[in-house]
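Two complexes follow with subunit A in common, the first pairing it with subunit B and the second with subunit C.
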Partner chain A sequence: MPLDIQIQKNPTGENAAALTVTLIGSLDTVTAPDLERQLAPWLGGPVADIVFDLAQLKFISSAGLRVFSVTRKTLKERGGQASFLNLQPQIREVFDIIKALPGVAIFKDVAELDRYLAARQRSHREAT
Partner chain B sequence: MKLELRATLEEVMRAVEALREFASAQGVPEKTTLGLALALEECAANIVNHAYQRSAQQRFQVLLERHDDSLLIELRDRGPEFDPTAVPPRDQRAIDQDGPGGWGIDLARRHVDEIRYRREAGENILRLHKRLVAPAGRA
Partner chain C sequence: MKKLSDCRVLLVDDTKVNLDILVEGLKSDHKLSLALNGETALQIAARTPPDLVLLDIVMPGLDGYEVCRRLRQMPETADVPIMFLSSLEEVQNKTRGFEVGANDYLTKPFEMLEVKARVRSLLKAKAYNDAVKEHMAGELRVAREIQMGMVPRDFAAVEAAYRVGFGAVLEPAREVGGDLYGICTADPERLVIFLGDVSGKGIPASMFMVRAITLARLLARQTVEPERILARLNDELAADNPSCMFVTFLCAVFEPRSRRFILANAGHCWPALLPAHGAPRWVGKNLGTALGLEPGLTFQRAELALGEGDAVIFYTDGVTEAFNPQEALYGSERLLADVTAFAGQPAPAITAGILRQVRGFAAGAPQSDDIAILTLKVGGGRADPSGQEPRA
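Showing the complex of A and B:
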């Protein structure tokens, strides 16, 4: 099963340092290096937050988890994080392994993520 | 069903596809099949990446067998002796130790009922057993 990777700069433009990555298909030992290659130029730039939409991800193995973990590590070092949305049940099970790692945030859907981001922005504004 | 595979990641996924078809033909539930596909991918990728260091002229075998109430996946390679069942479970290590290694065998363990390893005549032999629940209405 192939993997379709769609990368979009944050369409709302509120957070210019954010990317949305939609993954469709299978993130496995053959396709994980493709994702790594496609993320590399963005991670080399100023991107701090990446949202992975996994609504159409059917399969993930440790090779996929590894790409996610390396990504969240890079983002965390610049004060950002990797967020994951719409995990299907079979994906959620595998995610158990990395869900507690620092720099990983899991949201039920985009509405829950938006509430979180709004709260984060408020607390940031209050702090400055 | 017996597969002869070259030591490449594409061949790993070919074995996974064959397992999916085999399990589907055997009436194995989709959720169980996904777990078995994951277990096979992890174990076979270990062979390709570690035992054979992706040396494509090397070969390994995957055997798929349906028994009465279980499914057996057997992997055989001629790489250096390595017992993946001896790798300690992930939760025994520090949480920030998230480098490569360890996750794959953890995932395999979670999705099968038993993993047995033996070294015999220069071969690593890994057998994954999954019990199959009888469909509703059958004893």
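Showing the complex of A and C:
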């Protein structure tokens, strides 16, 4: 099963600094290097938050999970965060391996994510 | 590297006089096979795989494009260089030739000197490619031997000393892999058993596997509680781990006198308990985080009182995530159902039985992930005084 990767910079809204990455298909040993390549220029740039929309991700292997944890680590080092949306049940099961880590947030849907990001930005503004 | 004079060139052309010209020009330099049509060419290529194919395009029956496409689909000739020799000189013909998998294209009429030069160039590239592949295969064979030497195979001494039985298997999906298991005889009152699965597979996974198994053996001797072994192993692995490799890991301590079995889990699928009497079930609840991702993590323990004849089965997800040709998963429910049939059997028979079930389910589909299975059975060792445990 192949993987379709769609990367979109959020133009407006509360999470304008975030990148949305939509993954469709299977994130496994074959497709994970492709995702890593496509994320590299963004991770090397100023992006702080990346939102992975996994509504259409059918399968994930540990090789795919590794790419998520590299992303998490890179973003965490610059105070950012990797968020994951719309996990299907079989994906949720695999995610248990990394869900407890700092720098990882899992949301039920976009609305829940937006509420979280709005609150986080408010607290940032209040802090400065 | 193979000598150019030992290389076999398959010449395919429906016009005999064209073949005669090529034979005359190439016969003193290389071994030759000849075919006057596409069907014959495919049969010859399957029987005696050539090192190079010179292929006409316009032929009755299968045309050269179709022959080329089929050669690429046959494992014996998937990588063999193919050069079209054709009077079709339009750019569209040439591009189509490359699209169906050709490496070169020469238009007729041709100069024999140019044919010979291109043949030599293509054969040299193939010989180099073959040599690199062979070299890699050789290195991987040795790497596999080294890796296989890192997991224990002979359990006789430990089985006798602790009155247990072991059955283990490790089968990487490629030459080397990231699955691991180990048994450490820390002291007479404490047997440490572990099994892990490194993220990904192949060479990167195998290198991390070596790091994990070496550290685990060391820490298993120094540390009493399995959850502490995991915490220390995690801190070691998380340091200097830029590529964020991780390993899911099960670690258990078995105390032979009390038959207490203490288990800690770092993101690994829970083992199955196959009791001497009663239905099999999973052991443990909280999954925990995999090792190597973040330092400073803590882990929980689960305790189990094992009885005579009880078996605990550790396995990696190469078992439960084995696919069949219809792309269905073997799955953990099927595993639990299948192990029921092995109740009462010795540990090696349980391990072999599970592997057989998974292989049967996969029905020839390629193994998609590394497989490790480690079964511990209480009282199932060779030293079992009751003598009720026949060896598999």
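Quick note on the criterion: the second predicted complex is superposed on the first by the 123 of 128 C-alpha atoms of A that agree within 3 Å, B and C clash if a C-alpha of one lies under 4 Å from a C-alpha of the other, contacts with A are read in each partner's own complex, and residues count from 1 in each chain.
Simple rule for what comes next: contacts are C-beta pairs under 8 Å (C-beta built on N, C-alpha and C of every residue); 3 or more make two chains touch, one makes a residue touch a chain.
As the structure is a prediction and not an experimental result, all values here were calculated from the model.
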(Q) Under the superposition described at the top, does placing subunit B and subunit C together on subunit A give a clash or a fit? (A) clash
(Q) Quick check on the superposed pair: does A:30 touch subunit B, subunit C, both, or neither? Answer first, second, both or neither. (A) first
Q) First (subunit B), second (subunit C), both or neither: which does A:88 touch? A) neither
(Q) With both complexes overlaid on chain A, does A:98 touch subunit B (first), subunit C (second), both or neither? (A) both
Q. Touch check for A:66: first (subunit B), second (subunit C), both, or neither?
A. both
Q: Tell me which stretch of subunit C runs into subunit B once the two are superposed: 74-82, 254-262, 362-370 or 380-388.
A: 362-370
Q | On subunit A, positions contacted by subunit B and by subunit C | A | 29, 61-63, 65-66, 69, 97-98, 100-102
**Q.** In the complex, subunit B residues that touch subunit A
**A.** 9-10, 12-13, 16, 31, 34, 37-38, 41-42, 45, 90, 95-96, 98, 100, 103-104, 106-107, 110
**Q.** Residue ranges of subunit A in contact with subunit C within the complex
**A.** 1, 29, 32, 61-63, 65-66, 69-70, 72-73, 96-98, 100-102
(Q) Quick check: in the complex, which residue numbers of subunit A touch subunit B? (A) 28-30, 59, 61-63, 65-66, 69, 90, 93-94, 97-98, 100-102
Q.
Residue numbers of subunit C touching subunit A in their complex, please.
A. 197-202, 243-246, 248, 267, 287, 289-290, 293-294, 321, 327, 369
